[in-house]
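What follows is chain A paired twice: with chain B in the first complex and chain C in the second.
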Partner chain A sequence: MSEIHLKINDREVTTQSGQTVLEAAKSAGVEIPVLCHHPALSNWGACRMCVVEVEGMRTLQTACTLPATEGMVVKTHTEQTFDIRKFVLELLFSERNHYCMYCQMSGDCELQDQAYGHGLDHWTYPRPYEKQEVDATRKYFIMDHNRCILCSRCVRACTEIAANHTLGLRNRGAQTMISADLNVPFGASSCVECGTCLQVCPTGALIDARSAYGGREKDVTHTQTTCMQCSVGCDLDVVTRYNRLLRVDGVWDSAPNGGLLCVDGRFTPLYETRKRVVKPLVRKDGKLTESSWEEALGLVADTLKGSTCQGLAACATTNEALAAFAGLMTQLGGQAGRLEPVAPALGYGVPATVADVLDADFIIVAGAQPLEYQRVVGYFIHRAADKGATVAVIGDSENALNKRAALSVASAQAGVVAQAAADAEKIVLVYSVGIKPEVVAALKPLGDKVSFLALDPARNGKGAEAAGLKPQSPTKTDVAYILLGEQPVADALRVPAGFKVVQTAYHSALTEQADVVLPTPLWYERSGHVTTLDGVDKSLQTVLPAPADVRDESVVLAQLTALLRS
Partner chain B sequence: MIRATILVSGDPQSLSRGAEEVKLAIEAELSFYGLANEIEVGFGGGVTRVDVLPTVSIYPEGVIYGPVKPADGAFIVEEHLYKGRVVEHLLLPTDALVSGQLASLPAGKEGKQYAEKRVLLRRVGVVDPYSIEDYVAHDGYFALGQALTTMTPTEVMNVVRESGLQGRGGAGFPTGLKWSFVASRAEETKYIVCNADESEPGTFKDRMILEGDPHAVLEGMALAGYAVGAHEGWIYIRGEYVLSKERLEQAIRQAEELGVLGDDIMGSGFSFHIHVHAGAGAYICGEETALLESMEGKRGTPRIRPPYPTVNGYRGLPTVVNNVETLANVPPIVLNGAAWYRTLGTKRSPGTKLYSVMGDVNITGLIEVPMGITLREVVDIYAGGMKAGKTFKCAQTGGASGSIIPAALLDIPMDFASMAEQGASLGSGALLICGDDTDIVDLAYTLVRFFKTESCGKCVPCRVGTAQMLEALDRLRQGYARAADLARLEQIAGYAREASFCGLGQAAPVPILSGLRFFREEFEARLRA
Partner chain C sequence: MGKIKVATQWLEACAGCHMSFLDIDERIVEFFKHVELTSSPLTDLKHPPEEGVDVGILTGGIGNEDELHEAQEMRERSKLLIALGDCAVFGGICTMRNFFPTEEVLRRGYIETESTVDGQIPQHEDLAPLTDKVSGVGDVVPVDIYLPGCPPTADAIWHVLTELLAGRMPKLEGKVLKYGMDGG
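Our next item is the complex of A and B:
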């Protein structure tokens, strides 16, 4: 990287080589209008809003695509550039239905902002547009082609960030349309509902079904927290208004996900249908009955005293709670473990981060289903495959990654993969609990050339590891203390203990068996820390307050510890 | 024992004029006379002049008849091949085809090259395009052999550079300079791409070369590959050019069998492979970066430039993209030298140029003339003058993306630089000659409608601008437009020319702008009072 000096609007600007004129201008505090450009996406140069005059160049240049070079003299705001920008906006307003007052983006729309900024006070051109269909076939979002300006940000997001290639452009010229797959309804397409397209749309064309008309940017509150839906640990930007969750956005410059979320991070928690536990419940006459915290905790403490006890955690809670849980169980002389299995240690290789997947040239996926359970890792594998990495899947069941895999073999043939990977430069092994011992053995010849990413099936598995919790199955003890959080459980889970305490946010098959049920906060009501796959401790911020009778596990466990001491 | 060969012109023009029937008639007559075993019949390329098609050439005499009807075909067999008498009344002046002199031309005046000069077309209509032996017999692959055995890659590049050859796709960029950009790149893999996506309306020069002399293009590509260090070439051919594609693929097979393409060509150690990639009917894919996108299997939309294809071309590697006509110029240049090439054409634009002549003239078709002749010479001499009762009003050059040229510019020499000085462009070499009954507003409407249909839809000024220009022109034609509407049309056209992403969008407003420049009164006459 070398320094480059150029002149923008008669001011000397210093920037790095490789920067575009747009970036150089931005660093110097000069805002150049853009529509199709988005900093998280590749440059496109199609809307022509960012045209600038460059000395010595015959035609106007788009600042978003033009590399800054030494000695360049740029004028960003001239009469000519203003006229062209206004012309572009007038054309866009003539192309489709842009009656702003009926649009949920009004007030936050980039097209509308630019129109105000360029003094559009009437329709200059006739509007011979045809009415376009609204595609509402997806549950979480709607595509209204009438408001689309064909900037292709969504297409690039789908291609470059999610690497899912669902969105594209079809037809040409004035007939150009955003299209899902080969022009099928969105709901019937290969879309994985990561919602990245939604987040980059500059107008009201891609509509979030939940937050539409729910409040403009000036009305809402943004809180950054960490996703607790799986072990990856993505950063979330949670949008709320009137104590209600409106929307979840990705955070562009964050690790490991860089703005990319999955359906479980962005949408499903906002559409939760399970019945919430909001008060402590105690079984009386065979029925769970609401009680006070004092009564419930008193009963638990009394039962625990002098009994054999097993603690089982679903690892769907904070590091603080897991540590307190492990501490309490040890104090009681009981055993403490986790409900979820854990991926075995390999005995060779070096640990990888999630980001390492992106620049691997050979990715081995063994006994793991990242596209199902740690989706962002799955999308990262797709991205690496798009860049030319070889993907090899080892496993004995159907894997969604097979579609993009160059090689897909059963566990018994894992040696084939080891051979194929022998000449690769950067090998990343993504594996999970499904990896068979023979696969571990077959890949051993690759040795320390392998960077491995062990996908923990539990939401905060790394936190559980730090707390010393290892997998256990329910055993016959006097008391079972189960820390469930938001984790759903299988109907078939049977706990043989005589007395069962379940600390959970939702009613489930397990609460049906429980003697005491204690409410826990939801992911957006928590504070504390979780540890991500990369081993980074990330904090949780309280986005909304928990209901009055809901207490955090760590608080409850501390209270219980105190009661047992007394 | 074959004693004679008959070639019936087999280009689409000839086929539409009954060439198939002529061939059948000849074959039937040959069987009737029991000559089928000693005389072979095949299709050849067209001779480029539409009014004499279809033609029948008989070798070894080199007698060419045209235009031939099916009944004439039978007569020719009886007279010429059975009785041994030339059919005088069907004869085409052989000079026109072989020596490059149209019989009807007046004697050249001093200092001017009047005669049609055949460099690129010298074999078209003369050789069997399905026969590599025919090509070799007419100096084919001599240039490649000479280059591989006696010249270094740099020498080949320098010959082309010194010849002053300019890209014939329309922009006129110096070919040798483009090659040197790619030659100087350090990447191991480089590509030669032949742009045969000839989609400019009214342009059929590349097709005539591909159909009549496919090996010339292959040889040009191999020479380009040798010069810049590329070992793979792609021909991106317009999807509708089914016949060209078939002949190219056949030519590639033959050349590989003969060892003039493929691995270790002529034992020189140089390898060069050529593949054919068919387009799917999009005008924009003739734009070189959209062409590369399309070749990579993506949507055909232009790429951001810089980086140019010479740096970031096919699959992101350095790539030479040359037009068919440009590449066909390369073998004669290498064979005869840069000095010879500079004797043709003008100082600033050496060589010959193919023009496809259409419109209100007596002779339409393809001509090859030295660069720098004037439009008046084309119309009066080669095209046989305007049709009876019509006078010249304007010419539309370069297909849709060229410009409208009024009578005042009839005497401007046609080469890249001189045309540019007049604010016009030579473009692809299509010449639509319009008589005085041509309506300029209608002409502009037709051209803009073409661009509206063919816009790729990527950038706003082209996608929406063409629709708005068409709308405004339509209102003008219907008689609803007022002076303010015309002013706005001119404004959109100006902005769209200024702000569009690629050449297509920048060319789309040109019919309006040049129409207004030279024939404003016709636009104003359509305004509502």
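Our next item is the complex of A and C:
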């Protein structure tokens, strides 16, 4: 990369080769208006808002697609560029329904902002009043084609970030429409509802069903925290107003996900329907009855004293809570383990990070379903495949990744994959609890050429590992102490212990069996840390306060520890 | 110098723009030191005087023949015409009906609404026929100043009026150029 010197608005600007004029201007503090451009997406040059005058060039140039070159002389804000940008806006407003008064984006709309900036106090051109479709067939967000300016940010987000290729443009000219697959309703399409398109839409064309009309940017609060829905540990930007959870956005430039979220990170937890536990419950006369913390913890402490005990944690809580839990169980002389299984160690290869998937040229997926359980990893595999990486899936059941896999074999044929990968430069093995010993053996010849990413099926499996918790099944003890958090529990889970303490956020089949139920906070009510797949400790921020009688597990475990000492 | 004559009229509008004008609050006292309001929907006289006014203010869009006539009359009798509010500027919320044929709109509104029993489309010689499409004032007569907003804020209205009183053409930018309720 070499230095480039150019002149922007009579100022000397130094930039790197490969930068566009738009980027060079931005680095020099000059904001050029844009609409179709988005920093997380490839440059498109469709909207013509960013046109600039370049000395020696016959016509105006789109700054977002024009590479900066040595000696270039650029003017970004002239009468001509202003007039052209205003003209572009006039044309955009003349196409579809851009009446701000009944649009949920009014106040936060990039089209509106540009119109204000260009003094558009009325429209010159007549409008066709053609009725476009509103597609509300998806659960979490709505596409209103009437508000669309065809900037194609959503298409590029779907293609480049989610690598899902659902969205495209059909027809041409004024008839151009955003389409899903071969023009099917969004809800019936291959859309995975990651919501990246929603986040990049500059107008009110993509509408979040929950946060629409819920508050403008100036009214809301943003809190950054870490997603606790799986082990990837994506950064979340949680948007709230008046103690109400409005929306979750991805955080651009954050590791490991770079702003990409999945349906479980962005939408699902905001539509939780399970019944919350908000007060400590103690079983009296066969019925779970609300009690005070004092009574509930007193009962738990009394029962624990002199009893055999097994502690089982769903790794769905903070490192702090998992460590306190393991500590308490050790102090009691009991067993402590985790409920979820753990992916086996390979005995060869070097650990990979989630981001390594993106520049692998050969990806082996074995005994794992990342598109189901660690979706962002799945999307990253798709992205790598788009760049030409070979994807090989090894497994004995259906895998959603098969569609994009060059090679898809049963465990018994894993050797075929090892052979195919032999000449690859950068091999990443993505595996999980489903990997069979014969697959581990068959891939062994690849040795340390393999970078491996062991997907932990638990949300904070790495935190549990650090706390020394290993998989255990419920055994027959006097007391079982189950740290469940928000984790759903299989109806079939039976705990044979005589007395059962369940620390959980929701009522479930397990609370039905419990003798004491202690309420825990939800992901957005927590503070503390989780450890991501990459082994990074990430902090959780309290987005909203927990209900009055809900206490963090680590606090409760410390109180119990103190009670047991007394 | 005598007072400046101002006339206002609302067309296909909700009256919100006039309410927003009243939101200039005590500034109205200062306003009327310089201005004679010859006619308005809020006062006894509804039509601008034949001899004309200095400034005509129209709120609301053009949705029927009567509103078209009112707009033409105001234009003829005003030296300077202001289209005030999103309806007068862009056609506004009433343009929602432009996406449907007029007959369908009337049928839906007067007969098919869920709460209507034995409805009929009103027809009377006193009722002005609807125009095919709702439009802004600027689509039917020349407009000198556009002030969008639903409604424009009292401050935006005050800005335009005081600039005119000072003998300047108002420039709309920043907080006084807003669409919809974005200014409020």
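Observations on the structure shown:
Criterion: the second predicted complex is superposed on the first by the 565 of 566 C-alpha atoms of A that agree within 3 Å, B and C clash if a C-alpha of one lies under 4 Å from a C-alpha of the other, contacts with A are read in each partner's own complex, and residues count from 1 in each chain.
Keep in mind that, in the parts below, a residue touches a chain if its C-beta (ideal position, glycine included) is under 8 Å from a C-beta of that chain, and two chains touch if they have at least 3 such contacts.
Source: prediction; values computed, not measured.
Of the two partner chains placed around the shared chain by superposition, neither chain B nor chain C is touched by A:565. Here chain B and chain C are compared by how many residues of chain A each touches, and B touches more.
In the superposition on chain A, A:131 makes contact with chain C only, not with chain B.
Once chain A of one complex is fitted onto chain A of the other, the partner contacts of A:67 are limited to chain B, with no touch recorded for chain C.
Contact with chain B, but none with chain C, is seen for A:173 once the two complexes are overlaid on the shared chain.
In the superposition on chain A, A:287 makes contact with neither chain B nor chain C. In the superposed pair of complexes, A:116 makes contact with chain C only, with no contact to chain B. Once the two complexes are laid over each other on the shared chain, residue contacts for A:58 go to neither chain B nor chain C. Across the superposed pair, chain B and chain C both touch chain A at residues 126. Within the complex, the chain C residues that touch chain A are 83, 86, 89-90, 92-93, 95-96, 98-100, 133, 136, 138-139, 143, 146-148, 150, 171-173, 177-182.
Here chain B touches chain A in the complex through residues 282, 284, 299, 304, 306, 452-461, 463-468, 471, 488, 492, 495, 498-501, going by the rule given at the top. Listing the residues of chain A that touch chain C in their complex gives 97, 99-103, 106-107, 112, 115-116, 119, 121-123, 126-127, 129-131. Those residues of chain A lying in contact with chain B across their complex are 43-48, 51, 59-60, 65, 67, 80, 83-84, 87-88, 91-92, 94-95, 124-126, 128, 149-150, 152, 168-169, 171-176.
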